Amino acid sequence: MKDAISPAEAAALIPDGATVLIGGFMAVGSPHRLIEALVAAGRRDLTVIANDTAMPGKGIGHLISARAVRKVIASHIGLNPETQAQMIAGEIEVELVPQGTLVERIRAGGVGLGGVLTATGLGTPVAEGKQTVEVDGKTYLLETPLRGDFALVGCHQADYIGNLEYSLTAHNFNPIIAMAADEVIAEPRTIVPVGVISPDAVKTPGVLVDHLIERAL
Amino acid sequence: MDVKERIARRVALEVEPDSLVNLGIGLPSMVANYLPKDVHVFFQAENGVIGLGARPPEGMEDPDLTDAGGGFVTAVPGAASIDSAMSFGLIRGGHLDMTVLGGLQVDQKGHLANWMVPGKMVPGMGGAMDLVAGAKKVVVAMVHAAKGTPKIVPECTLPLTALRRVDLIVTELAVIMPTEEGLVLRETAEGVSVDEVRAATSAELLVPAAPGLMRLA
Amino acid sequence: MKDAISPAEAAALIPDGATVLIGGFMAVGSPHRLIEALVAAGRRDLTVIANDTAMPGKGIGHLISARAVRKVIASHIGLNPETQAQMIAGEIEVELVPQGTLVERIRAGGVGLGGVLTATGLGTPVAEGKQTVEVDGKTYLLETPLRGDFALVGCHQADYIGNLEYSLTAHNFNPIIAMAADEVIAEPRTIVPVGVISPDAVKTPGVLVDHLIERAL
Amino acid sequence: MDVKERIARRVALEVEPDSLVNLGIGLPSMVANYLPKDVHVFFQAENGVIGLGARPPEGMEDPDLTDAGGGFVTAVPGAASIDSAMSFGLIRGGHLDMTVLGGLQVDQKGHLANWMVPGKMVPGMGGAMDLVAGAKKVVVAMVHAAKGTPKIVPECTLPLTALRRVDLIVTELAVIMPTEEGLVLRETAEGVSVDEVRAATSAELLVPAAPGLMRLA
C-alpha cells in the first residue's frame, strides 16, 4: 500500500539540483500536476532527462519557462524555442542523444547493464569522445547507463500498491524511467483498488513505485 | 501538380504491401495519402503506436494518442501501443521495413545529413539517427535543391545522420539510387531532362543509357 | 492478416540444422504442438536457444528425447537427466548462460544492439574467453547478441493479424524471442478477430509474427 | 526442531516489511512459512511473477502459473506478471531487496559457490549468478557442513557464482557475516559453543567478545 501524496508534497521531496527523469513525448503522457508543482515550488538547477522539452506552456516546457532547469539530456528540443534560446545564451546545458540510444541508456541504468553497444551515432557528432568496441568485425559505440535521483512517471491508472497501466502513445518513456531512479513518483489519472488491474495488464510493477500522486478531484 | 505531391506520390510506389513503415514529419507524412487502395500497410509512429490512423473525428481526440509531431491521430483496428524501448527496438532491430525521411544533404556515398545546421538549427536528432541506422530501407524525400543550392552533393558539409548508405532519393526532378559505385540516376520527372537534373546536382551522377520516366501512380 | 498453418506445415518450414529460439520455462508457455510436430517430422541437428530443456516428456524435453538437438544454449538443464546424459556422452553440445544474461543477449539480437555489458558472470567460468570492458572504473563482461533462424512462441491468445497476449508466468522468454528471429511462428491457445485485443494489451505486435499455428480443435 | 526449520526461521527475521524477495528452491523456499504475520512482502519468482502466493486449491491449478521450480502456485492480489527481461531487469538492476539461496561453499571473502561440482553436477546456473550479482542483500541458507566436510572454507574450490561478497550466512549452528575483514561470527545457536562452530568451519572466524544467541522468532 502506497501513501497518496499531493503534488506539492511530492515536489518538496525533490531538492534543487536533483536529476529527474520525466516521462512524456511532446507532453503526451507527462506527469503534468507534478511538473506544475515543481514550478510552483520554485525549484532550480534541475537536470532533466526526457525525450524532449515539449513546447512553451506544455509539460516540461513549464520547467524550461520557469528557468528551473540547468541541464537537459534529450533527443529533441526543436519545438521549444525557449530551450533553444536558453541554450544559445549559455543558461542551460543541452546534451542531445538519439532517441533510441536515450531509451536504451535509461533502460541500461534501470536493469543494471554497464552499457550497450549500438551503431546509431557512428560517424556523427554523437560519437565524439566515446569509446568504440568491436564485435565480430563490426564497430559499435559504447553508450553508458543513465539514471536519475527521481523518476516522475505519468500514467493512466494505478492501484493502491502502485501497479501502473499506461494508455496508447502515453506509454513512451514512462515504463522505462520507472526502473531507473532511486525514487519513483507516479501520477495516475485514476487510482483503483488492488485487484482491479489484472497481473497481465501491469506494465510497471508496484514494487518499483515509491509514491503515488493523490487523485485530482 | 504540386512539387511535394509529386514526390510523395512517387515515394508511395516504394511501399510494399503488409509492411511496417515509418514516415517522418512534413513532406514524408504526405506519402500516406497516395498509397494504392489495395496496399495494406502498418504505419509506425516512433512515439509508440503501430497502426497509426488518420485524424480523429472532431471532439473525439484522445490526448493519449498522437503522432510523433504531437498531432492527434487515430489507431487502426489491430493497432498496438508500445513503449519507447519497444518502438526503437523495432527500428534498430531491423523490423521496420521502410522509413521515409526529409533531407538537408545527401552525398555521393549515399550519406544523409538531415538533423542540424551548426550555428543555425540544432533541434536534436530525435529518432532520425536510429531510423537511418536501423530501417531495412531508407528513402529520402526532398526537394532537389534549396533555393538554387544543390542538396545532392559530393560530400556532406553538414553533420551526418548516420554512416549507412540510404537506399533511394526521390525529388521533384528525379529518382536517384545510391550504390557502391555512386549515385545512379534511375528516373527523371516528366519534362525534365538529364541535363536539368545534372545542373541542379553538384554530386556526380551515373546516368544509364535510358533513365526511366518518374512514375506517379 | 496471417495465414493459420498446421503444426506439421510449420515444422516443414524449419530445416534440419536450423537455430530455433523456443519460449517456455520448464515447459510452461512453450509451443507444445509445434514441438511435437518437429519431433514427428524427425528433425535433426537443431540448435535450441531456450531457458531450459524442461524435463523428459514435457516441452523441449521431447526434442531432447528424440535426439533432434545438436546444441543447446540455455541457463539450466538440471531437471532433464537426458540432456545431461547426452552432454556427458558428447552427443549434444551445451552452452550454459546465466538466465539474465541469456535474455539480454536475445533481446540485444532482437533490438539491434551489438552487445551489452554485465557484471553477471565475472570471476566465474562464464567469463572465460570473453572480452571485458571498463566503464567508469568498473569492469564488465561483454555479452554478444543471440538470434535464431526461427522463434517458436507459445502464447495465450492471438488476433488474426498476429498480435499476441501472454498469461501469467507463461510470458517468460516468449515476448523477447519474438523479436530475435528471421521468422516467427506463434502458437496461441485461441485466435480472435482483430479488435478483440486492445492495443494496450498487445505484448508482441503482429508485425513481428510471420505465421500462426491454427486452432487446436 | 528440524535443522532446516531452524535455518529458515532465522532467515525469516532478515526479511524487511514491504520488500521484494526472491527465495531459491529447496530450503530457501521454506522461509516464506516463517514470516511474522504482520510483515507484508512481495515474493518474486524469476520465471515471471511478483506476488507469488501459496499452493492453489486442488483442481484450480493454472498451467500458466508456476514457480521457478515448475510447481503450481497462486498469485496474491496486486500481483504482476512480467517477462524474463523485466524479471531479470529487476534482479540485476538492484530492485530486488533480498534473495535467499542455498550454498555449496562460502569462503573467507564471502564468495559463494552454489551452482556446479565439476564432473559431477552441471545443471546450469539458472538465475543464481544474476541473483548474487544483482540483489541488494544476499543471504546464504545452508547446513553448516556436508557430512562432516566444512562448507565455510578459506577459499572456494568449486567454481564461484559471483565475485560479490554475500551479506549473511545462516546455518543451523551459527549466523556469520562476511565483511571486508573476514567472516564475523555474529550468533551461535542455542546449545552450540564457539568452539563447535569453529570445528565445523575450515575458514578463519572473527569472534567478537560475546556472540549473540541465534534468534528463531
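Brief remarks follow.
Going in written order, the chains are labelled A, B, C and D, and every chain counts its residues from 1.
In this section, contacts are C-beta pairs under 8 Å (C-beta built on N, C-alpha and C of every residue); 3 or more make two chains touch, one makes a residue touch a chain.
Since the model is a prediction, treat every value here as computed from it, not as a measurement.
Contact with subunit A and subunit D alike is made by C. Distances between chain centres, each the mean of the C-alpha atoms, put B farthest from subunit D.
With centres set at the average Cα position, the gap from subunit A to subunit C is 32 Å.
Inter-chain centre distance (subunit B to subunit D, centres taken as mean C-alpha positions): 55 Å. Chain centres here are Cα means. That of subunit A falls 29 Å from that of subunit B.
Rounded to a whole number, the gap between the C-alpha centres of subunit B and subunit C is 35 angstrom.
Listed for subunit C are residues 104, 107, 111-113, 118-119, 166-168, 199-200, each touching two or more other chains. Chain contacts: subunit D has residues 49, 75, 81-82, 85, 88, 92, 134 touching two or more partner chains.
Applying the touch definition to all chain combinations yields A-B, A-C, A-D, B-C, C-D. Against subunit C, in their complex, subunit D makes its touches with residues 45-49, 62-66, 68-70, 75, 81-85, 88, 91-92, 111, 121-130, 133-134, 159-163. Contact residues on subunit C toward subunit A in their complex (touch as defined above): 104, 108, 111-119, 131, 133, 135-136, 138, 140, 142, 144, 165-168, 199-201.
Against subunit B, the residues of subunit A that register as touching in their complex are 25-29, 51-52, 55, 74-79, 84, 87, 94, 96, 98-101, 103-104, 107, 118-126, 156, 166-176, 203. Against subunit B, the residues of subunit C that register as touching in their complex are 107, 109-113, 159-161, 163, 179-180, 194-195, 199-200, 202, 205-208.
Of all the residues in subunit B, the ones that touch subunit C in their complex are 20, 42, 49-51, 75, 77-82, 85-86, 88-90, 92-95, 134.
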